[in-house]
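The letters A, B, C, D, E and F name the chains in turn, as written, and every chain counts its residues from 1.
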Amino acid sequence: MNLVPLKLVTIVAESLLEKRLVEEIKRLGAKGYTIVPARGEGSRGVRSVDWEGQNIRLETIVSEEVALKILERLQEAYFPHYAVIAYVENVFVVRGEKYV
Amino acid sequence: MNLVPLKLVTIVAESLLEKRLVEEIKRLGAKGYTIVPARGEGSRGVRSVDWEGQNIRLETIVSEEVALKILERLQEAYFPHYAVIAYVENVFVVRGEKYV
Amino acid sequence: MNLVPLKLVTIVAESLLEKRLVEEIKRLGAKGYTIVPARGEGSRGVRSVDWEGQNIRLETIVSEEVALKILERLQEAYFPHYAVIAYVENVFVVRGEKYV
Amino acid sequence: MDALELLRLNLLSPMVLAFFLGMAARLLKSDLAFPEVLYTALSIYLLFAIGFKGGVELSKTPFLVLLLPALATLFLGLLRPLTGYFLARKALGVSRVDASALAAHYGSVSAVTFLAALTFAQALGERPEGFLPTLVALLEVPGIVVALLLGKRGGGNLGEALREVLTGKSVVLLVGGLLVGLLSGERGMERVKPFFVDPFYGALTLFLLDMGMVAASRLSVLRRVGFRLVLYGTLLPLLHGALGVYLGHLGGLSPGGAMVFGAMAASSSYIAAPAAVRIALPEANPSLYLGASLAITFPFNLVLGIPIYHALAKAIGG
Amino acid sequence: MDALELLRLNLLSPMVLAFFLGMAARLLKSDLAFPEVLYTALSIYLLFAIGFKGGVELSKTPFLVLLLPALATLFLGLLRPLTGYFLARKALGVSRVDASALAAHYGSVSAVTFLAALTFAQALGERPEGFLPTLVALLEVPGIVVALLLGKRGGGNLGEALREVLTGKSVVLLVGGLLVGLLSGERGMERVKPFFVDPFYGALTLFLLDMGMVAASRLSVLRRVGFRLVLYGTLLPLLHGALGVYLGHLGGLSPGGAMVFGAMAASSSYIAAPAAVRIALPEANPSLYLGASLAITFPFNLVLGIPIYHALAKAIGG
Amino acid sequence: MDALELLRLNLLSPMVLAFFLGMAARLLKSDLAFPEVLYTALSIYLLFAIGFKGGVELSKTPFLVLLLPALATLFLGLLRPLTGYFLARKALGVSRVDASALAAHYGSVSAVTFLAALTFAQALGERPEGFLPTLVALLEVPGIVVALLLGKRGGGNLGEALREVLTGKSVVLLVGGLLVGLLSGERGMERVKPFFVDPFYGALTLFLLDMGMVAASRLSVLRRVGFRLVLYGTLLPLLHGALGVYLGHLGGLSPGGAMVFGAMAASSSYIAAPAAVRIALPEANPSLYLGASLAITFPFNLVLGIPIYHALAKAIGG
């Protein structure tokens, strides 16, 4: 089994940001991503299925370097004004070379 | 990058429990959560999109202490009678101080 | 707290494969799984809500041995022709003995 | 029209056929599936529309006409969970908790069975009373409450379950639609008729297609729980149905009305009751109550029950 | 018909009642919830249908008849964000950015308020001009642009926000439906009338049920931001509404048309504007603008505003 | 009516215009998007409704009238994949697997193209035979099977793919709806007409709006695969369409019926075939077959093909 250790970055954000977040992570080096619609609650209150827009949960598998770049960009440009949360973890990826 | 190591608790449960689970985890100290609708299969058979209610997949980022409290509460009050599964893992969270 | 260290295998694949993937992982020893509908982008371009079918994100908690079998099977039979990505990580599961 | 002709007429309605098509699709392992959202959307539409039509009719009904049928409904709401409970204990030999769970289902009501009966009556040229949806709303809640009381005898989450039933979406939509119809009357009806009335039976047909798929996926329970549950799920509705027809007749309903009233009494819940039971009686076995209510009683009423209650109503009142 | 009678008529329409039912459901903590997809589907349907009907009417309207009302609309599109901005700065004392966000909402338009006014007018036997939906499309965009210009004064994401508004789904559906209606004309209308016209008010009723739930979940803002926001959210529509009725009258609209035109002018956006503001002015406080637009101005117009604009239009033009 | 007039009439129908609106929305990068569930719901509705209407008509059709058209359909179901395969091999020079994938698409049928042709015929006052939907169901499956046989020649997942096609949702809904219509007949039709018949064309319009968006997102393939695929995707339908019109005429269909039959023959699948091909021939390139079927042939038939088949049918039979 060819398993490559990589970083999985997960971002939960208001769905309005989807297009911009996708552009950002691609620009910073992500080769792909997976998105599921989500709802949630945090410091900015409940974000649910109401029309004002729910959340998205975006995952991207990237190298450590790209992961850090993404998180920095989020911290700088999105955390101050938008409902966003982001975390990173270690995963082992089949054919991981495709994703770096 | 200011990354705080925290626990990510994931709970998959029948969707009927959503309101109660959210109340429980908040009471036990969770500052936020993210939910996505899910379907699945386990010891209690298939739980799919049928109207009898699908599953939810609830994630919450918390301190180790809160994580343990949540898992204990689940084990005690929900595992016996409901379709529930729960696991915990280590993640590194941007601005993690917000979530403890 | 009775927490058992196990493997969480996550597979993102085109939704057309759902039935077959579920059969495969059960045959290889998985005792359960959780699926959420997803969209995404990778080497095969955007896979979104269009009718040609979106993705699914399938998670299954298994022993290390079963995890490796699943990943090998994917690599051999699905990676060449289908839009699939798979990764594995370490999780701690409540009442984990149920899942091995 | 003789019994066989009635049965044929019922069987060959688009609604009943769609139900069988749904079952067939599932048994053939077709990938046909209704997105859950479509199910939810259709049920919101159907429940609100029933309530609304009932409300508009109610706005034209003198209070006195309603009194006796309403009392009969309450009486059935209290009695049916008891018969359901004791029959389950004696004939099925299940635990107290499982018996209460079954009682909650056979104490409440199925809006779709009600609708199928209504459609059938109208197709035969009967004119069931317009206020009957009001009675559906009235019958939905008390049976569940009585049954949960039987199951808990003073413990746990009863309050939560009760609140859940009363503010549950089926009650809110039925009662809410009723109020909207009552207050806006004929004048409101004119505006929304092409949405809430004319396409109603077609939407119901689509809904029954989905119900057929759901019911088929519960069929396996029959093999497991066996013959006695089948008896339970057919004799109990016959008993309740006959009682309902009779009480409806006593309460002054027309034959068509008494027949629909009987079908209501004979029906078992599969929306409000399962949710309430799952919260209040989590130890109860869902296969049992869902299987009985959905895979036995619902199709039984749809196919055989409705023509039978019609024949009864004719025999008593027509 | 006197004022009270008008109010009663408006209050007891299925649409307004459904809105209150939605609010009640949320306040009772019912589990009734519209799946987001149902909301999206209904709004696609409603917007396209309004546009389409408007387009078919437009195909029968001479250009000159449209000229003055269109100019009046553009004028309102430029003026309203300014009054919204300055009133917010002076009376609410909020920051420049929050004032611009509010201005974007009160500078744009609510298609549902427009529809409610249209329905009301038609229920009274008025015949508002068929091309009014064209004006809705015309009024939607400029107000948002002006407001964002006020908020940015030369920075950031204005271009993106503008593109977002112009290609936003509400503009595309309204304008696109309009073009489809314009090009296919009466002949096209014949084919799709039973889908886009007849069931329209029923669909709108269901939509308002959902809007009621959303508005109720925004009610809490009232307690927090207090009385001054309530004044802002009612006086500003009254001002804009009166102006709209007057300009509509000058522009040659019938009394019914002037009244609907006034309601348009009085309405505040809660689809296009929030999305644009969230992108272009992320520092603005959503509770403020969503609360004002959705929990104050929308219900105010729905319940009180529309009959008032009607009375005004009658006083001036009837 | 001359050719240009026909084309204009077709182009300016709400359905075709909605398709272009969808394309425009995507090309303008509008955020307009149909939730997948809405697409699924509309396609369930459309397929069941076509089947149902066809079934009701069938219940009034003598068996003999159906015989020849059914044989012609089967013949086309066997022939079309072969022409599709060999043209792909010779003219496009693609691999055996890719040619089979294309053959599966051009061997099956597009329900929406069929509907557009039907609508067009009806708008011209023609009266296409009521049993045509039966033929759609008959044409859907064999072409795919033949094509997969060509692609596999004795390997792999053919059985699974075949089962997938036969129990696929489009076949189940079409054939199931047909049976429901056949069994419930005019009497059933009466009850559900305001849902399954009257609003049909409007629902189709909305569906085509979505199809336009999907097709536009496939347009990029044209640049990549180039001119030869465009020829393939237009000449093949013309050939099949002419053959279809001719066989329809021989089979005894009215001119309107022959024209719709031609459009069926000319159409290519984009629901059943892609799913079957993806399972049975995963090595085939989806850009190729989806691009050809959806971005070339579907719009070609919708805009130009249908009036052409109409002219042909008139020339031969009218």
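In this text, a contact is a pair of C-beta atoms (placed from the backbone, for glycine too) under 8 Å apart; a residue touches a chain by one contact, two chains touch by 3 or more.
Chain-to-protein mapping (UniProt): A, B, C = Membrane-associated protein; D, E, F = Sodium-dependent bicarbonate transport family permease.
None of these values were measured; they are calculated from a predicted model.
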Via touching chains, subunit A (Membrane-associated protein) connects to subunit E in a minimum step count of 1
More C-beta contacts across A-C or across B-D?
A-C
Centre to centre, using CA atoms, which chain is the farthest one from subunit C (Membrane-associated protein)?
E
Centroid from C-alpha atoms only, then distance subunit B (Membrane-associated protein) to subunit C (Membrane-associated protein), rounded to Å. What do you get?
19
Centroid of subunit D to centroid of subunit E, CA atoms only: how many Å?
40
Counting in whole Å, what is the centre-to-centre distance of subunit C (Membrane-associated protein) and subunit F, each centre being its mean C-alpha position?
35
Junction residues of subunit D - those touching two or more other chains
31, 33-37, 40-41, 194, 198-199
Give the residues of subunit A (Membrane-associated protein) touching no fewer than two other chains, as numbers and ranges.
36, 89
Identify every two-chain combination in which the chains touch.
A-B, A-C, A-E, B-C, B-D, C-F, D-E, D-F, E-F
Would you pull the subunit A (Membrane-associated protein) residues touching subunit B (Membrane-associated protein) in the complex into a rising list?
10, 12, 36-43, 55, 57, 68, 71-72, 74-75, 79, 85-89
Subunit C (Membrane-associated protein) residues touching subunit F - in the complex, by the definition given at the top
14, 16, 49-54, 81-82
For the subunit F and subunit C (Membrane-associated protein) complex, residues of the former touching the latter
33-36, 39-40, 43, 214, 217, 271, 274-275, 278-279, 282-283, 286, 290
Contact residues on subunit E for subunit F in the complex?
36-37, 40-41, 44-45, 48, 52, 164, 167-169, 172-173, 176-177, 179-181, 183-185, 187-188, 191-196, 198-199
Parts of subunit E lying in touch with subunit D, wherever the complex brings them together:
12-14, 17-18, 21, 24-25, 28-35, 37-38, 41, 119, 123, 194, 198-203, 205-206, 209
